[in-house]
């Protein structure tokens, strides 16, 4: 007797569980898009701020899947996202050239800063030239944390080494630690091991575990970090929600959207500078 | 109740039965008949094949050589036979639950369960212990419950493998009384025992097994008063150990 | 979720984001656990009770699968459910359903392997007796599963606990999307990467409480079982 009722109850709970799990997603099916973006952008808190505004203004529910830039572009290449929003121009142009998108729109920029321990073992704090600073770090074999994950930040870091004339692949030593993780993890690691690390300013301002880290070098033109947004090519991936995706992009580059981006601040400091209208961005 | 015979399993005939396990011959060209009537008690030293004989007669083991027939049939569904194993295992249920299980396995309709459970529990003297978890019963109580489980099948033949081996005298007497009552009710008892006194108390016929062979058989009084074979004499004198 | 507020504050003020996250964690892991049970228990019982060629190897493999790395499962399911993958047209990627699937795959071997061991042990005990009562194969299976139910429940709770605590698989197939596929574990991963270590630890504590409750349930089930069946 009891056995039968237990069985029925279990089946009922299972069914209920599955229904409850499915129900919420079904409700949102209609006006939603998947945006592949980066962990740095997510860690900066921009989406927490911007998405409710977008929902209110356009009714679109934006689902952000945050990965490294390389991963985000790959996700889009597989057709698993409607829009891609990253900050690695060279990679984005390659994406365009592959026909994975039809148009790239610049949105905003922020800059990278070189963070380092307060006691500055490489003696580079306050330098204006990022090249000199990197060379100093290498020469003094000071601990340096690299994202190592094909992210926009990682790509920028590699470009800076190259620009300085250092072939980091062959010239690195045990002082150079490639962790293959996101910005937050890189900052945690740098903070815990008194190392230098390249970071986007937005994430740094937003980061809560600064420890002994401080900004060592900033302001060099080469540390400029441009964000671009692209609609995934609907001809290649028919499942892409092109109308909603384009509406999302249109909002970002509209005066209202650009204004909203400019208003995102931490401790009175803006994290991003909108530049959708800047030629060649 | 009268002795059950028609379309019954009796007589059970072993015709030159061999049962071999690996290299070991457990039953060796054993020929024996189990006929309806008073209890047949098997005696013999350890390893003589008593347990294997009972299991084979129940139908749990097939012979490697020779034939076993039940009421003349070589294939027989064991619905009217039951066996109480040497170390009975209590199911993880209550006492009543164990009996209900045996009833269900025997195909007794659910509606009859309550009544049969009550009857069987009082038959073995466990009334009042319906709800007790069977594993929490004492050794003697578990043995009696196993007996009740076997009887739940309403068998015409009941095999018992040393049912009182691990019990104290009081518990032993209880089991023997039940066996006597069941036998008087018309069930054929086939029982193995280590206890010669028990054999004398319960048997109609005695069968002495030694190394898988039947050494001697006969009515109980005759067997003990005038054993004919040397092994029987030595066994009765307590000298035949293996 | 606000950054510099403690997890307990969120708990006490009934923060909707936190509760949504806890709710999703429970739903995903419970659903996965139930599916794993529906597949794993019969499968384990079947392996325990039938002789077939390659049985020993199957058992070794099944036991080994208990240690399936979550990231590997996550990656595999991701590639299956991706739009460019074989099941892409189902559109299941980045949904709670995908998370349930990934966790079910992780947990089923655990439940199957534990069931197999439990049923086999009980079968060794019950074998003679069930043969003596002339119990047929179907009744045999039902009896073993019923009589072993307390140990099986423990196995189920072990499976659930594993699902509730993992992050590697669900963060890949779910995408950790705020409001949709963010669970306790993926939220902890996120807050850690944002440097909100205090909040991350707080969330971790809430998760631990859930896991301890589950473990407590398992213990209570065993105790009740022992008391009843002796």
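To keep things simple, chains are lettered A, B and C as they appear, and every chain counts its residues starting from 1.
Here, a contact is a pair of C-beta atoms (placed from the backbone, for glycine too) under 8 Å apart; a residue touches a chain by one contact, two chains touch by 3 or more.
Since the structure is predicted, the reported quantities are computational estimates derived from the model, not experimental observations.
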Task: Central chain (by mean CA position) - done: C
TODO: Return the chain whose centre of C-alpha atoms lies at maximal distance from the corresponding centre of chain B.
DONE: A
Open item on the list: Taking the mean of the CA coordinates per chain, how far is chain B from chain C in Å?
Closed with: 48
Open item on the list: With centres defined as the mean C-alpha position, give me the chain A-chain C separation in Å.
Closed with: 32
Task: Approximate Å spacing (C-alpha centroids) for the pair chain A, chain B - done: 79
Task: chain A partner contacts - residues on chain C that touch it in the complex - done: 3-4, 27-28, 30-31, 34-35, 38, 82-85, 88, 91, 93-97, 100, 146, 175-178, 180, 190, 192-198
Open item on the list: With touch defined as at the start, can you tell me which chain B residues reach chain C in the complex?
Closed with: 58, 60, 77-79, 82-85, 88-89, 91-93, 101-102, 104-106, 133-136, 149-150, 153
Task: chain C-touching residues of chain A, taken from the complex the two chains share - done: 3, 10, 13-14, 17-18, 20-22, 24-25, 28, 34, 39, 42-43, 45, 47-48, 51, 63-66, 77-80, 181-185, 187-188, 206-210, 237, 239
Open item on the list: Help me check something: in the complex, which residues belonging to chain C touch chain B?
Closed with: 125-126, 128-129, 131-135, 139, 143, 147-148, 228-230
